[in-house]
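You will see two complexes here that share subunit A, one where it goes with subunit B and one where it goes with subunit C.
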Partner chain A sequence: MSRDNLNRRRFLQSTAAAALSAPSIARAQGSAVKVGVLHPVSGALSYSGQQGRIGAQLAIEDINAAGGIKALGGAKIEAVLGDAQSTPDGGNAEVEKMNSAGVAAIVGGYASSICLAASQTAARYNLPYIVDVGVVDSIVTRGLKNTFRFGPGFGVIAKTALDNLVAINDAAGKPAKTVMIVHEDSAFGSGLSKLLNTQLPERGFQVLEVISHPTPTRDFNNVALKVRAQNPDIVIPANYYNEYVLFARTMQQQRVRPKGIYSVLGGAASSYKFVKEFPEAAQYIMDCNHWFDPKNQKALELKKRIDARNEFYTYEVYMNYSCILLLADAIERAGSADRARIIGALENSTFGGHLMPYGPTKFVNGQNQGAAPVNTQVIGNDIQVILPASFASAKAVFPMPRA
Partner chain B sequence: MVSSVILVPALLNGLMTGAVYALVALGLTLIYGVLHIINFAHGALLTAALFAAFFANKLLGIDPYVAALFLAPLFFGIGYALQRFVIGPAAHGEDRNILLVTLGLAVMIENALLYAFRADTRTINLSYAFDVVEIGNSFLAVPRVVAFGVVVAIAALLWFAMRWTDTGKAIRAVAKEKLGAELSGINVAHIYAVTFGLGTACLAVTACLLIPTYYINPHAGNAFVLIAFTIVVLGGMGSVAGAMLGGLFVGVVESFSGLYLGESLGQIGIFVMFILVLLFRPSGLFGERA
Partner chain C sequence: MKGLAPIATVAVLLALVPFITASNAVLNFLVMAFLIALAGQGWNILGGYGGQYSFGHAAFFGTGTYVTAVLQVRYGMNAWLCFALGIAGGALVGAVIGGLSFRSGLRGSYFALVTLAFAEVLRIVASVAPITGAGVGTLIKLDLRPEAFQFQSRAPFYWVLLALLVVSLILTRIIEDSRFGAYLVALRENEDAAKALGVDTTLVKLGAMTISAAITAAAGGFYAQYFLFVDAGIAYGPWISVEALLAPIIGGVGTVFGPLLGALVIRTLGELTKIVAGDAPGLDLVIYGSVLVAVVAFAPRGIAGLIERVRGRLTPPAAPSLERSHG
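Moving on to the complex of A and B:
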């Protein structure tokens, strides 16, 4: 496998070199800036990883088409692609390879467990690491100078999710009192469920049961049975794409119909792919998750381009697109591909040209302060934003109407 | 927690899963019973069969249940050829060589699949995969019910074949007394290969039954073989009935331990049982005492 990657890398290098040397002005341009693009494109998380890679690659294409890094004489960005194979070890191995390949920074990771490991390894080489999605809060609380997270972490997401859940429930006349949490058992799912489990009772909800399962899991019958027996008002799933879809479909199959399915970072709950492929199972599912700014023209244009490619505009795409733009801005301001100077530039970033509803970027200890999730709901064949009210496109449908 | 709303469906689910385990174990126990070897390539062959069923569906659009009709003979042929032309000759009559040869085959097959198809996990979507049969207050997935029926039918068929057909009698004769069988004119090399072929054909059918609800990657088969070994030990090495009942039992144990210990620990019950059987009844529930 490593031989295969080497060949691919050599191929990329040679084609990139050919592309650079073709025009006669090539010599005037600075040499390319290598950027590591790390995702789990094979294994259990491969779909999300591939989506992330698409977003990152599109951003790099766009930056290069617009003249590259101007402060470096129009140097192009050259992606060094890595496959974390859906494991932290796989992520580490790729960081080592990227470091030897001489990248200026790394973007990606996707899963919390991969981000934790990969950013730690990158820290050894003082290599700037921008986390695309990984939400576990310890990613930014370890004091690693090289690690920056553009998106929101658990703490903020859980708080927003709970505030919004209370708001939605209150608006409907408080029909929901009991909750069941179904989560995957790695850093992401367990961390989130622990947070929710302590905070839900404070908000007046009773947690009936917490069920954990591994990733991958290919049978949710027992879990669905337990949900049916407990009959909670609200089911909160916290798992990755494949398991999320399977669980939602198994609940539909086992005719488990709670008043609401409310996910926090549901792997599929606000995914256009899920809605298109299994509209019945997805109907009325609510999610508190990463979402693009629906009033941002650039975000809407990218959606059109993704739709035209017959891909789905999932959060991995626009999060990674934004992270690459953020990095390019930092390299531009650093005026160098030097790792320490890029880290310095990221620390002082006020970048606002991204696709997310975060406002200008401001990192405190590596965490972007403006980052926040939004609430969505699957209504009909589309995904609508239901909260915050400032850019909601629909009102929440809760409790779920009985079919 | 102990309500029939959960217990009955969990029991039925366990039986259905167990039936598939039983079919994997059936192939393994058959090969052990006759050739007296543990076939380490069993898992890799199951993975290969899963890929065959997957691509029959993806590329040729053949429904997995239809694919079983030609994949079973195909894998019978593959198994026959493997034993006749690779494992048998390479073993030079030594049992421990056979062990190593099958282990080598497993490594080769798995890595060839890994090289060809990478570590990606694939699934197929069938319109009926989430259809249910309603029994009392349980909803059973159609593919699992089909799998259960097919496995029971195959086990019965095998049992009758072993009892009443000439080949079946020859297989049993070779299993009991190789030299005596050879002296009475039975071609032992041929019977060995037929048995290996039957075991491999069982895997092809298993693959077709699994693929509607299961995922595949180059290591998918291993999850089943570890369980199948447990079943073979539990049911008694070489016993068809033991494999069948052992499989169902293990399925139920897994379902209940998943229910009570959590999905993350679901398989722990199986291996606790495995150790207990080895400690207290090493010949298995249906095995003959050594």
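Moving on to the complex of A and C:
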């Protein structure tokens, strides 16, 4: 009898304890905010995708180490990683999975075509989507309420690139008159080439030829031969990392030396990896591209950490790092992981704690208004900012000195 | 007609899936598998039954995709009509490529290479032609109304695609039982013998190619409506040519359910390896490739062939004759 009582009492105690502890377990589980981190970490764009993932993961680590989301009682951010496999349908499938996993928002995409598909799928669930890089302007002109782009789009990039090209050419006494464009044939390269092709003649440059190639391409000998035959003053490459490196090296091997290589969003031109591995091919290449604010202490600290890990500090890293910070700030201000409230917080975002030279964010129809590229040039073994003057660390070397 | 019962059973079972699971991730997975199965069914009619191995079914998939997308975006036509025209466009491209290559007497690997070349030419043209949006691609406007062939939820998409797939299964079954199907198999087994017996092999091949192209183009048109974005790499890229022939080869060439089985197995394998590989980039693809090699090595006649072999082993030798005497 007494044993029975004891058992019953124990039973009651244990169930009561379980009942009491259950909500706290539920709260503990619910307290992490899940964020989708989507990148093409395999396939043709895997290097860029992996770099982007590193940036996002570091930002999440830092936020969690600094006490998580304070408005949610120090809730940690939990990354739900996704591999878009370098295809739009791969990105789409990952968004579906992330939505099922209950993420509060998604950051990433990288390639324009992946961003287009992934953000549209996210829009079905009113799921906030922050585009890390994707530059095609239609990403933010489709009227999707959930989609925000932190970085600049084509329109702004092409205009800045042309303004700066004219400025550099004028400063050198206008040695360049003819141009050749070599671009990859998906949304990014062709879109850019189309813009440049119409605007370069208006600025007094003659476009001799436009050559497109697919990604991946593994041989640029014919393209380099064509460049040699046309002998343009300036070559403008617009392609992803691997193709960019290969093209630059092929030009070097075939001794094709135009007065300048001026890339717009060149996949490699402002990449420390390229400069370190192929310093001769990279020498004096100019680029109009995403770049961190060289006067920002946080950006420089992150560079040191990336260098210490033996990784390269590419734009994917600091743009994704910044996008995660931007999202965390929005969640903080929303005071909730509710999707609609996060979208509302992003719409009103004036976040300035990122690593880019954009100033405080301000979204109009999903596009960050302050976003702009800068001009860089490979000089010696380093990448210097040459324009705008407010950030410049060196003067442009143009035309390229003949070796 | 015999053999429709299994198709009906499969159709009803699959149609119930959206009622069982509310997970769009599952539906999306099945949609991608069915899409490959549909494209693969197109390939199967020409390659599996007719023995004409095409490496360029992207030519038809892409035409279906682009016709559906471009007519809508540039000329504001109704999406369903565009989809139908996409199928017709794919069939036309099939007839033209078929006419050119069969008339020139291309067979075997030469035929495979020519189809591959056509798909590549179309890809390059699409990546520079202004009408396709060149490399920028074509973006269909988001308009979530059934009239615009876009749906709020994934389930209607799933049912539409399932219906298309079932139609292709029934069509394959009808062809299997028809005189046309018999000609097709005859020319697969021995084209010269078939010719000697009076089969107009060129005409039969051309017919098979046109039907095959139309089915694969339907998959392409659906892709356009599902993702609302097309570029040259998606539409005419080699990925779909490979998937369209891999599904029936894995599932069982020249069988009605081969492409569907193959597509489901390939996609499931892809997902499983992703789970096994965790977040290590690309490892899933390595495992996926290795398993694929193993499947092909141990089941050269595909899964359908494997099932047959296992069934043959399990049933005692006397059973078939008994069945026959009863039937």
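One rule holds for everything that comes next: the second predicted complex is superposed on the first by the 373 of 403 C-alpha atoms of A that agree within 3 Å, B and C clash if a C-alpha of one lies under 4 Å from a C-alpha of the other, contacts with A are read in each partner's own complex, and residues count from 1 in each chain.
FYI, contacts are C-beta pairs under 8 Å (C-beta built on N, C-alpha and C of every residue); 3 or more make two chains touch, one makes a residue touch a chain.
Just so you know, these numbers come straight off a predicted model, no measurement behind them.
Q: Should the superposition on subunit A be reported as showing a clash between subunit B and subunit C, or a fit?
A: clash
Q: Kindly classify A:Leu225 by the partners it touches after superposition: subunit B alone (first), subunit C alone (second), both, or neither?
A: Touch status of A:Leu225: first partner only.
Q: Classify the contacts of A:Ser322 with the two partner chains as first (subunit B alone), second (subunit C alone), both, or neither.
A: In the superposition, A:Ser322 touches no partner, neither subunit B nor subunit C.
Q: First (subunit B), second (subunit C), both or neither: which does A:Asp89 touch?
A: In the superposition, A:Asp89 touches subunit C alone.
Q: Which partner, subunit B or subunit C, is in contact with more residues of subunit A?
A: C
Q: Contacts for A:Ser212 in the overlay, against subunit B (first) and subunit C (second): which applies, first, second, both or neither?
A: Both partners.
Q: Just to be sure I read the superposition right, which of the two partners does A:Ser349 touch: subunit B = first, subunit C = second, or both, or neither?
A: neither
Q: Does subunit B (first) or subunit C (second) touch A:Gln254, or do both, or does neither?
A: Only subunit B is touched by A:Gln254; subunit C is not.
Q: So the two structures are superposed on chain A. Out of 21-29, 75-83 or 111-119, which stretch of subunit B collides with subunit C?
A: Superposition on chain A puts subunit C right on top of 111-119.
Q: Residues on subunit A in contact with subunit B in one complex and with subunit C in the other?
A: Residues 42, 46, 185, 212, 214 of subunit A touch both subunit B and subunit C.
Q: Report the residues of subunit A in contact with subunit C in the complex, numbered from low to high.
A: It is residues 41-42, 46, 49-50, 81, 83, 87-89, 92-93, 96-97, 99-100, 113, 116-117, 120, 123-124, 136, 138, 142-144, 183-187, 189-191, 193-194, 212, 214 of subunit A that touch subunit C.
Q: Can you list the subunit A residues touching subunit B in their complex?
A: 1, 42-44, 46, 85, 185, 211-214, 216-219, 221-223, 225-226, 228-229, 242, 249-250, 252-255, 277
Q: For subunit C, which residues are in contact with subunit A within the complex?
A: 23-25, 28-29, 32, 127-128, 134-137, 139, 141-142, 152, 227-229, 231-234, 239, 274, 279, 281-282, 284-285
Q: Provide the residue numbers of subunit B that touch subunit A in the complex, in ascending order.
A: Touching subunit A from subunit B are residues 1, 3, 5-6, 9-10, 13, 17, 114, 118-121, 123, 125, 130, 132, 139, 141, 213-215, 217, 255, 258-259, 262-264.
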